[in-house]
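In this document, chain identifiers A, B, C and D correspond to the written order of the chains, with residue numbering beginning at 1 in each.
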């Protein structure tokens, strides 16, 4: 379990060591297969803390190894031993489901920089749980809306056979108005998609929607491009993120994906973020880095307004979401999940680097389907 | 003549083209030592395996105390009172001598399904085991690990474990193998006395021991019983001499 | 050279002492770590019966660990949602009572161990290793897509289950429960190892022909050992789920099966206290190496290699070499 | 479901099987000759893929990448054989499982340490990209056909090596009687290093070939390792022929199960449930297959009888 004590105070040398007023516990994935995402969230988050120059926010970072049981034990540690006020950092929905309900029940705040399982957006919502990324269905819904806007009428849809995958297909179909040419659940962690691609080819579809995060998406896109099927593909940003696009290569060119953020979004906060992130870490920021950055800025905005020991005031300050988001407009809905624009992006090549370009807004001021079920 | 305790009736066993046993018929009567001799490859090991249940015969049957046991497993035959020793010691090498003997005594009770009181604190088992160790001359060594025993001592322990079973019949596969002359003499004395508790089917290469002990001898050659007879008869047989002793001499 | 009994009591005293000290100094996370050690040790003690006494290298004990976890998760889920659990023929109510959950976890694990054992024990050696792995993988993939109980997301239980007369939410009290169960199981397995059954099982491992020749069926001995072993791992799984208040398919994962083997070997195969030493060392390595470097698993791997190559009897074997089989 | 689709899926199953064979052949060879159960075989696959991606990335040549994969995996294999593995030949399976499990940890995190946490890029060479039209109008990716070809060629090559060469004679002798070949003056420890490196090179080759159409990432070897074990257990451990048959069986079961089980359940229930149940069962199918084979033949299809 990686432990990093990164106190902003250390940066403001000579200012005297002030005791940190807000203690943040970050549980994220820093080793093993999915470490790239956790590292990005962490780096984005720490960049914002550093830029704020505040010496009253202390961040304790631990590696959950992408294992739910480890994540729960770390959250126990953060709460019991480190006595943190705020938890954040979890990447994966299954880890989030393991940690968040227990943490918020113990009076801690949880700011989610990535996962947004539906169970926590609807009946399971909680006044101390804030999602700064998206509800899991959002990007899929936007993909459905985009499909309508460009006139797709017969989509082939596929996702891994696990809850987030089932949510993805449900989310797409919630907005998509055309026919479904075929619906496939693949195996989690599957690496060969020849069989699925053959079914796509035979299905008579006019478009393909897929949700295959991480390495699964890389494999699918490479194989799909090579198959010569050539139907237009749309998907959520997770398979077209800065971190993995380089591994997909030309196979991703021209693919449309939906995201609440893109590095070319035209607002001052984003421009500054992209520039400073690249300067500090020597790589382009990813979606996850932007979410980490926004999460930290939300936290900072609340710390500026209220004392964390006054939970009600602090909660109100968080709800106000009074910070300059890298995505432009950002507000919380009644279930404390984002209300935000979701864009359609296209994969392009800039020199040697593959990246995304915004081509339009798929859904404006989009909330989520579960807010109504949330009784807070 | 008393009914035979153990009987092989027309046992045949082939491995592919190789006929290992061809209609082998012999019996073991109360109070006797019946030796089976024959050159290497004569089918002695195959015969033992079939008698004890490790191999199913292609045809023929095995009877134990008049009952057909051909379909029974090794363990089932053991529970019916057939005790065997192995040519290559099959002992729990990490355990102590006493534990191995207690295992036999436990086998005699017919059930290993006792999970609570330690095996070594069950007086009847330990007494039985120690008596057997005493008879083979291993009483002194009872707390040593089997792995630390000499070859000869392991042979003795093999016999001791068989003793603890209190069997109806013994099948001994070359118990003298690798023993020095003194060891052989000790074991010969022990077996001599043992035949009155249960008869012994003795497969043995040590001809001195065989001639000293056997009431009857069966000569196995190429998977067939060449002849069965007393020591004198076998010694006198020209056939045996030609087929077996002749080769050896 | 320390006697095994002294060593065992000493190790348990250290584990209990660490937890008590942590309670006294208000270091609840240390108690959590100690609880983790106790529960992993319990699971490894279960595996040790199959692996150490029976010589059955099960690479699929996560199967039982996961089953125990899911029994806890499902029963508590139905209790917390006030829905009955439909078992086809009849319905049962969920429960939040630890003793009932433990009983169910042990029963379910043992019941599943019967067919799994019957099939797996037809094979031996590497085949046995792999077929046990295959069974665990089947459950892994099944639970991932079993949406009724959360699929890959797993199941969260919001409040730890209860035990009559105790406040299980208090870390030290929950530790006490796990520790007591661990002690009981270790004591039972020490008795088991010395019992007639243990003697026969040991013979079936070292010289199967001998076990048969004295009238025991080695297959049945192994099956019973496998069932007992699975039941204990199931109990540990239920406790682990309660420690985390969460179950997920990861509990069936092959990494967990591997880790359980690691714990047994680290401590010393077939040594009664071995699993506790192994679990303690493993959790400490994970905890302290992780503070030093992001790439702590490299070091963990190297340490494991050194132990396999140079300390065959595990840690317990170094401290207290074995003299006789069940010494 | 049209006949063409069925044929295409069978082709996909065969292709997956052939890839699994490359992994499984090395695994089963190492087990057959040295009696070693090597969990770290998947790590060698990963090493091959990373070496190929790194070299192809710098030089732009896929072929050089393949060479690098072979060399890197063989070198990594020889290195661990000399430092760790050879101490395990005499040990029981338990120690082998643990030690090679430890090697997985070292390799996975070591590769992450060197290459970082993000997947690497490795693409199909331009000459082999895109589909070709097969008789009957089946559009099939050329690269996958090439994979099938390479896999079959490697299979033949292995058969030739083992049946027809001096090295093969020694390998077969090593399987049967170690003392004997040592007595004949063959340097057994060099032979073992060689066989281990050969097995590692096969895994590295598979990693590089598959890496071009999949994601080159840390941990990529683990799922395929488990599949490869399923393959050799079904085929009979130590048997190259068994590995080949097992690989095809597993490849076909995996592919066809994923396609036909959902369709099968579609006959009884609504499509969404059918897809979900079908996919669940399909993911368990190969383990069920393995269970059935082992119950029927406890030492696999071509295994040596115990």
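By our rule, contacts are C-beta pairs under 8 Å (C-beta built on N, C-alpha and C of every residue); 3 or more make two chains touch, one makes a residue touch a chain.
Note that the structure is predicted; figures quoted are calculated from it, not measured.
Fewest steps needed to get from chain B to chain C, stepping only to touching chains, is 1.
Note: the chain lying farthest from chain C is B, by mean C-alpha position.
The chain pair with more C-beta contacts between its two chains, of A-C and A-D, is A-D. Averaging C-alpha coordinates per chain places the centre of chain A 35 Å away from that of chain D.
For this pair, chain C with chain D, the centres built from the Cα atoms lie 32 Å apart.
Averaging Cα coordinates per chain places chain B and chain D 49 Å apart.
Counting only residues that touch two or more partner chains, chain A has 31, 161, 166, 185, 187-188. Residues of chain D in contact with two or more other chains: 108-109, 112, 276, 279-280, 283.
Under the contact rule defined at the top, the touching pairs of chains are A-C, A-D, B-C, C-D.
Interface residues of chain B, counted against chain C in their complex, comprise 52, 54, 73-76, 78-79, 83-84, 86, 90-96, 99-100, 102-104, 106-108, 110, 112-120, 122, 125, 143, 145, 161, 165.
Taken in their complex, chain D has these residues touching chain A: 1-2, 4-5, 8-9, 12-13, 15-16, 108-109, 112, 116-121, 123-124, 129-131, 139, 141, 143-144, 210, 212-220, 223-224, 255-256, 258-259, 262, 271-272, 275-276, 278-280, 282-283. Taken in their complex, chain D has these residues touching chain C: 31, 37, 39, 84, 87-88, 91, 93-95, 97-99, 101-106, 108-110, 112-113, 226, 229-230, 233, 237, 276, 279-280, 283-284, 287-288, 290-291, 294-295, 298-300, 303, 306. For chain C in complex with chain A, the touching residues are 27-30, 32-33, 36, 141, 144-145, 147, 150-154, 156, 158, 171, 240, 243-246, 248, 250-251, 286-287, 290-291, 293-297. The residues of chain A lying in touch with chain C in their complex are 1-3, 30-31, 62-63, 67-69, 72-73, 76-77, 80-81, 93-94, 97-98, 101-102, 105, 117, 119, 161-164, 166, 185, 187-188.
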